Structure formats: C-alpha cells, structure tokens
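Next come two complexes built around subunit A: one with subunit B, the other with subunit C.
Coming up: the complex of A and B.
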C-alpha cells in the first residue's frame, strides 16, 4: 500500500502536501468546520463498516443504528458506572457490537442476504428497547452524560485533539479494511456475493464467512457508536432511530457500493448536506415551518438522494471520481491506446 | 372478553397487513420496506377524503384506488428500471421510498392525531359475552371480504393465474406470453391497496398518528411467520402475533409490546425461516 502511494514523483509530492495540509488544517480551520470534519471521521468509520457488509459481502443490514446504540451504551455504562478508561472501553464496545452482530447474523447460516434485512431490523428494535429501558429505569432523562476521555495525560476536550484522534482511528480502520479485502476473507466475501454456489464449490465455508462479515461489520459500527458517544459526550436512545440507518445507507449508496474511497466520499457528502441545507435555509430566511420540520426534510432528502443515485449512478461518487480521473489522464484522447500499457 | 375482542380485531388487521406484504413479495421477490409507511399515508389520505366526500363506501374506494396507483407508479418508475441490478438495491430503494412517504405524511398532515370517522356507530353484544363495536365489525367483515375476493381472483381470473405463474417462474411465464411487467405492476398495486385498507381499518379502530408505522411494521413479522410465499399462512401468523402482543400488554410490560414481534421474528428466522406454511425451496429462490 505504502509502496504504491510513492510510485511516481508527482504522487509523492501530492501525498506529502496532503499530509502537511491534514496536520495544519485544524489550526487554521474555524471550530465549527472542525466539528463537522470530526463528525465526518466518525461517519466514515460507520460507513466503512456498512459498506463492507453491503458492498463486499452482499448482505443487507438494517440494524446499523442499533449496533451504534450498542456501542454508545456500552461506553455510557462502562464509563459512568465503572469509570473505565477509553482504551478498555473501545475494545469492549467492539466486542459487544460483534456479539450482537453474531446474533443478528445467525440466520445467515440458513438464509440468503436479503432475509438478513429482517433479522437485523429485529435486532435494531431489540437493542433500542434495551437501551431506552436502561435509560428510563436509570433515571437518565434525555441521555447519559459521558465524561471526556483521557489518553495518557492528554484529556480529549479540544476539537483539535479530537481531530487527530478520530482521523487516526478512521485511517487505521480504512487501512485494516483495505488489507482485509485484499486477503483471503475479502476475496471469499466477493465470491459469495457474486455466486454463492460456485463459492461453496471452490471450498469456501459460506456460513462462517457470512457470520465473520457480520461480526466484523457490527463490531466496527459499534466502535463508531462509541466514538460518537464520547465525542458528543452523551448517549441517548432517541439518537439511534431508524433514520440514522437511512443516513448511513445514503452514505454507502452515494459514495459507492463496495469502495473504501466511496465510504469516505459518501460520509463527507451526507454529513455536510444537512449543514449546507441549514446554511441555505438560514440564508434565505424561509418560513418557520421549514425549520420546524427540518429533521423530516433532511431524512426525506436522504431518501430522494438514495433513489436518484440508485437509478442514475448505482456505483456512486467513487465511480464518478474514477471516470473524471481517467478523463484527465487520457486527455485529449477518449480511449486508451490499444497497446497493452504498463500498469 | 375485551382482551378477546381486541385480539380478534388486531389479528384481522395484521392478516391484511401481512397479505399486502406477501403479494408484493411473491411476484417480485422484493421485501417492501415501504409497507408500513404506505399504511400511515393511506390513513392520512382517508382522513382528508372523509372530509369532503359524504359517501363512505365511495371514499373507501377512492383511497384504495390512490394506493393502487401509488403502488403501480412505484413499480413502473422505480423498481422496474432496477431490473438486472442486484435485488439488494431494489430493497434499499423501497427503504428510501418509505422515508420519503413518511416525510410526505408528516409534512402534509403535520402529525395530527385523529380517528377516521365512520357514520355507523353502535355496539353489538354477541352470544358468549363478546361485545363488538361497529368499527370492529367493519374491520372484520372488510378483511374477510378482501381475503375472499383476493383468493378467488388468484384462483379463477385469468390475470390472477398469470400472477401466480409469474410468481412461480418469471422467465417461463414471459416465454409463454405473460406480460410480466404489467402483472408485477398490478401486483404492487394490489399489495399497496391492501396496505391502504389496513391503514383505514387501523384508523377507524385506533387512531391515525405518526406512531402507526410502529404497528404496521409487524407486517414483516406476520409475513415471515406465515411463510413469505404463502397468502393463507398470514392468517394464523397474524393471530399468533396479535395474541402474544396483547398478552404482553396485559400481563408483562406495555412498552415491550412493540418489541415482542421482533423477538418472534428473530426466533423464526433462526429456527424455521420458511415460516409455518411457506415452502422450504423458497429460501433458495432469491
């Protein structure tokens, strides 16, 4: 991976410039933009996890918000009741999420991908019920307040510290998934997605790999939920409704199904979209009713965006990005020369 | 006895909800996640229609026709262009359509909570101490009429036969001259109309509110417990769900009621995924 990034001098320069920009960015950006960028990092982790499941393994999960809630509430319970530090809580959140993923994925031994939509929907509702019961009986009102975590001596209170922490985790997750997709499990998932009978014939244990995809994806989703709870300093069952799942679906569809880059692009666009809309509605002073129903309009727009992308550009932004890149690489020609080029 | 009558009414409406879901699934193998939202939207449309049309039977038909049209439009403009892509994208598309429909019903009716008015208000005592209101009798009788009509339509009419053929083997029926797109569009329309009828019956028995989707989401559970490809299976499945749900409300914890169908769903998926009356081969067909 690293070798390919340094392939040409131009790429080397771009990479160095990118790293410098990435390090300098939090010190020059206004705090609100930094906040949005941090949210994008968390959303990217969630989108990567969902994209692994939908795009690469070809399994449907409608319980994404539920798994995030599992991570958030694990965080809440462990920090508030037991005062655990973050480096214990994050792995624990991954484990708990993986456990729920295992339960949701159990039917996948017998069933094909789409039935899992129903089982994950069921797990979503069960987790959400559990969380709201805990919140209700614990007397937490609107949500459980979580203290800012500390790594070593650094307490993560500042947006700049969060920026580095979140983006390093997001980059690690992306690297992990990219490598995983290039190794045996990744190829097995693609084989199962494309033709499960053929995959079984060449010796892939379908059930085990499906369950593995589920455990991994929900574990990472749970990690995203845990980070979100830490970052916003609150865990509330109402945050993790079905519309959160919709927004993650929008990220995956818009970004590009089965593409790591696409997860980042989708997370970026879908996270920025509501803030952009808010900016526009604030700018044009539209009527009060629009602001009142903003969250509804937001999820409706996500729905419309999903529909449009599915019909017009099913491979998402990643495909558009690939096409523009090829266009500029070949310019002024439209096609590659017929000789076999070194690649 | 109140418990019994409430179970009967909820069971019949659940059967209707499950039937709508199964009709759509049988012809196109697509899980329609917009089903619950159609139920809510149709109930809101029914409130508006009842506002300026005095004849209630006419109003019922208008709402059902709107739902039928909506279903066919969704099929022809959104689902059919996705033919050839993976079935996963079509399912995600129905989820997105559901969100849009929900937004339409929230923005259009501002989340009002109302009961669909019916002019026939009375109580009837049946032998055995059972007491049914006119709204409950309407629900039961309309559901029975719907199932009889649907059953005979599938059994005897030419289009119904073609619909069954399309469900069985789309490729072969296309070869034999069945216009499968038209038939699937009709099936989507009928499925949405069933959802609409269920929405109206929910609206006259309980209330029309934004929480209706929560009740209607049990349609998935009913369809799965009965068997995804079995229309008849929805009836016993609906009563199983209704009984568990009402008993949970009465004896365990009312807030558990919305979650208990999902526990059943998960158990059925793990242990008997083809449901009570479904065929085991169905699992391989998707």
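Coming up: the complex of A and C.
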C-alpha cells in the first residue's frame, strides 16, 4: 500500500496534503478534540491487534480487555515500584501480553469458534481478578497513579506531544501488520481461516500459527493498554471490564473485519460515538432525566450501530470506502470489463 | 510387479472405523511402487477417500481412527501422524476432494502459501504457470472467483509446490467436464514425467483413470475386490459392465443390478 500511495499525481498530492494536515492539526485543534483524537490512536492499536486475530486468523478471543489490563498493570507496577523508563516498560508490556496470549491461545490447539471464545473469557477474568486484588491489597484505592513518562528530555505532559507519540506508534503498528499480512505468516493465517484442511495438506502447522496469532495480537493489545495507562495517568481494574472487549469488537465489526484501514475507521467511529452523543444532548438541552440514563442510552445506541452494520454492511466501513473508490475509478462505467481468457 | 522396483507406499490390511462405530474400510492392502501411477476406482462410499485420508493422516479431524493394519512409507509406519507432519516428513501431498483453494487470496498468493524456499520457489512457481497457462492469466484473481477447473489446477499447483514424492489426487474429475478432466490428467502425466514422482489417483471416472494408470485397483464396500494392470481390468467382464458401461447390446445401469450378485460372483 505504501508504494500504491505514490502511483498517481493525485494520490501523491492527497498524501502530501494529508501529512501536512496531520502535522498541523494538533496546533490548531481545540484541546478536547485533540484528546479524543489521541484516544482514537490508542483504540486503533487495540483494534488493529484484535482485527489481526479475529479478522485475519479467524480466531475468536473474548479476552481482549484482560490483555489490555495486563499491559496497564505492567506499566503501573514497573513505573510505580521500580521507576522504569517508558522505553523499557513498553517492550515489557508487549512481552507480558504475549505471554498471557500464549496461555490464552493454548486451547486453540483443540478448540474452535465459540468454545475458544469461552476459554479466552476465562483468561480475561483471571487477569482482571489478579489486577483488582493487586490494586486492593496494594492500597491504591480507585487506581494506581502513573507519572508522566519522559523520552529523552521531553516529558510527555502536553496533549500535542502525546498526539505525535501515539500516532507514530499507531502508524508503526499498522505498518508492521500490513507487512506481516503480506508475508508467510499472514498468508498462512488467511489459509487457516479459509480452509484449515487444505492448509494442513500443504504442510502448514495450524496449531503453531494460531498460537503465533494469539501471541502477536495480545502483545499489541497489551501495548495499547500500557499506552492508555500512561496517557490517562491511571491504571484501574474497573476500566478493563468485559464491555471494553465488546467495544473493541464493535470497532472491528463496524470498521471491517480483516482490514487494516477498517481498524482505524472503526476505532474512530466507536471512540467518537459517545462524545458525539454527549455533544448532541448538550446541543438540544435535553431534560435532566435523559442525562441520568445517558450510559444506558449510549450502550443501546452502540448495540443498534453494531446490528445495523451487521445487517447492511457486514464488511464494515472499509468496504464502503472501497466501493466508493471503485465507483470513482470506474466512472462513467459501472463494472470492470470482462477479462478474456484463452483456454 | 518387477522384483527390483522399490516399494514406496505399502498399505497393510488397513481398517478404518468412523465414530468408533461404523467401519469404512477393512483389510485393504496394496503396494505402490516408486514412479508409478496407481489408480483406485470404485463407486460412491466404496472407501476410496477414506483410504487416502488414512494415508495422509486426516482421520483425526473426522473422528475416525485406524483400528488395524498399517500405512508404511518406505518401511516407516505412519499410522495416525498429524497431517502437516506427514507432509513435511514424507512429502506425501494430498489434493483434497473439495475445499482446496483459499477463497480470499489471489491465485499468486495461493501459490505462495506452501512452504517456500526462496529462489527455488520462484522458479517452481514459474513452472507451474507454464504447465497451467490459465493460472498465469488469472494471477490477480481471488481464489473464490475461479471456475472449477481452475480451482483444480490451482490445488494441483499448490501440491506441486510442496515438492511431493507421492501426489495423491482425490476425485480429479469432480464437477468437471470430461474434456477438462482429460486435459488435467494429461498435464499430471506430463508433470509426473518431468519431475518423476509417484501418483496415487482416486477416481469414479473409471475410463479416464484406467486410460492413464500403470496399475489399478477396484474398491467396493471398503475392500479391494480386483487389482491388476489396466489392460487386465479393462478386459474383465465385471469392470466392463459396471464401471465402463460396455456390455454389447443390453447396457445395464449401475443401479439396475443388485450388489449382492456381484459380490457373490467375486467372493464365491
């Protein structure tokens, strides 16, 4: 994709304009919007990781929030107890997440589909229980406060600094995943997802590749959890409940299963949705009772959005984007011409 | 069978049971010599596919198991090895009956999935495109959009990229027109001549299978009832009647004849 971006002059111009806008954006945007954009970056990393697992490798995992909690609490323990710098903590979080992913992925040797989902759900509850116990007995009250990290001499306190840091990491993760999907493991995952027997016939070790997908996905998820803890400066076990897993699932479904671009689009929509609703309620001056039930309304709208996407566009926003692009590429024709093949 | 030929695959009194209850094949024994084209013919439910699955280790996923006998490859017993291990260790490669290409990968990516070996892999891929020019034209097309014949070609190409020593093809003619079947069989023969591996062909289309085989076996009801050179089989009265549909003036369909008459004729 990276090379495709330079294919035509129009694309080149778009890319340059995009980069300039991306760099200038934090300086012109109001701080609250910048905050939301930063949250989208973190959500994108998590969505990319989950999409790798369920979209590309075709494995169901309900333990996503657990892996995020693992990353967040690794961060908390390492910074608060040992005072480690961020460039040690982030790799450590990836490693710890990968380790939990390995454990969660072990049942995938035998189990498939919903059964695998249940076993990963167990891992989620174990991790969350461990974290809340640590938080409770460590006497941290509502959460462990994490100091702002510093890279070299720059202390990441400002939203603008965070913007660049988070989006660079998100871009690196996206680049890593796109390249991975075009290499041997990526094809092997798709092969396993499509036809596991045919994959086995041509000598692909199904079990090992499944475990690999689990390790990578949960490692990256843990990275997202660690970044979230750093960014919000607090790690609390309550944040990583099962509903977080559901919202990440929503990102993948709404964005587009198995699509890197879709992960970003889904992360954008699902992260913005509650803030957009809040903005709307503020705009129309709704009565107090509506505000009281805001969280319930929010989850209802969440559900409606997911169901609508499953019904109308199961391949998500990425598919809509793709179709729009093809429409303009083929215009004024509607279909690609039939390719003539000789027999 | 000549004395100095090397036995590549030996099946010894194989018995396979599905779900711990129903016996699919019983007492199947045959030998495949190196470099030979061996075909197994037989009707539906005769146990042909089960035999192939037993050889390539796919019984576990179907909840079946080998209860008796053994599968020997060059003298090594392979009973119940996991499939990818069999592919790696022995280079026995199966082209399955259905579900063989990956729908969401393009033809080229499909061919990149098997174990690759750098430059050699690239050259090999080129060669496969030479054998199947159709695939070269459809390089960028998703596997799910291919026609039946092209899928079969792609599956054979994938199998070839595993550098097989024994290629097992399950129902090559499934859903293909007789012309394409013949074309594909000719290509397989050509590749076999060029690369020098052994082929085990399982077919319902007896005429096509016997035409190219060097040795053949007829399976029925989970047993091998007849075996011999294709000439011998084609001369056999029952094979002519039931598999080739040639019986002079009064042609009988397969269904018209009750099975037990045949069984009695063969088993006495």
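To be clear about the criterion, the second predicted complex is superposed on the first by the 333 of 343 C-alpha atoms of A that agree within 3 Å, B and C clash if a C-alpha of one lies under 4 Å from a C-alpha of the other, contacts with A are read in each partner's own complex, and residues count from 1 in each chain.
The working rule: contacts are C-beta pairs under 8 Å (C-beta built on N, C-alpha and C of every residue); 3 or more make two chains touch, one makes a residue touch a chain.
Keep in mind the model is a prediction, meaning the values are calculated, not measured.
In the overlay built on the shared chain, the residue A:187 is in contact with subunit C alone; subunit B does not reach it. Of the two partner chains, subunit C is the only one that A:200 touches; subunit B does not reach it.
Residue contacts after overlaying the shared chain place A:243 against subunit B, while subunit C stays out of touching range. After overlaying the two complexes on the shared chain, residue contacts for A:133 are found with subunit B alone; subunit C is out of touch. By the document's definition of touching, neither partner reaches A:152: not subunit B, not subunit C. Judged by the touch definition given at the top, the superposed model places A:299 against subunit B, while subunit C stays out of reach. Partner subunit A is touched in their complex by these residues of subunit C: 56, 58, 61, 82-84, 87-88, 93-96, 99-105, 109, 112-116, 133-134, 137-138, 143, 155, 158-159, 161-162.
For subunit A in complex with subunit B, the touching residues are 54, 58, 60, 62, 103, 106-107, 110-115, 117-119, 121-123, 125-126, 129, 133, 243, 246, 249-250, 253, 293, 296-297, 299-300, 302-304, 306-307, 310-311, 314.
Residues of subunit A touching subunit C in their complex: 184, 187-188, 190-191, 193-195, 197-206, 258, 339, 341-343. Listed in rising order, the residues of subunit B touching subunit A in the complex are 31, 33, 78, 81-82, 85-89, 91-93, 95-100, 102-104, 106-107, 220, 224, 255-256, 258-259, 262-263, 265-266, 269-270, 273, 283-284, 286.
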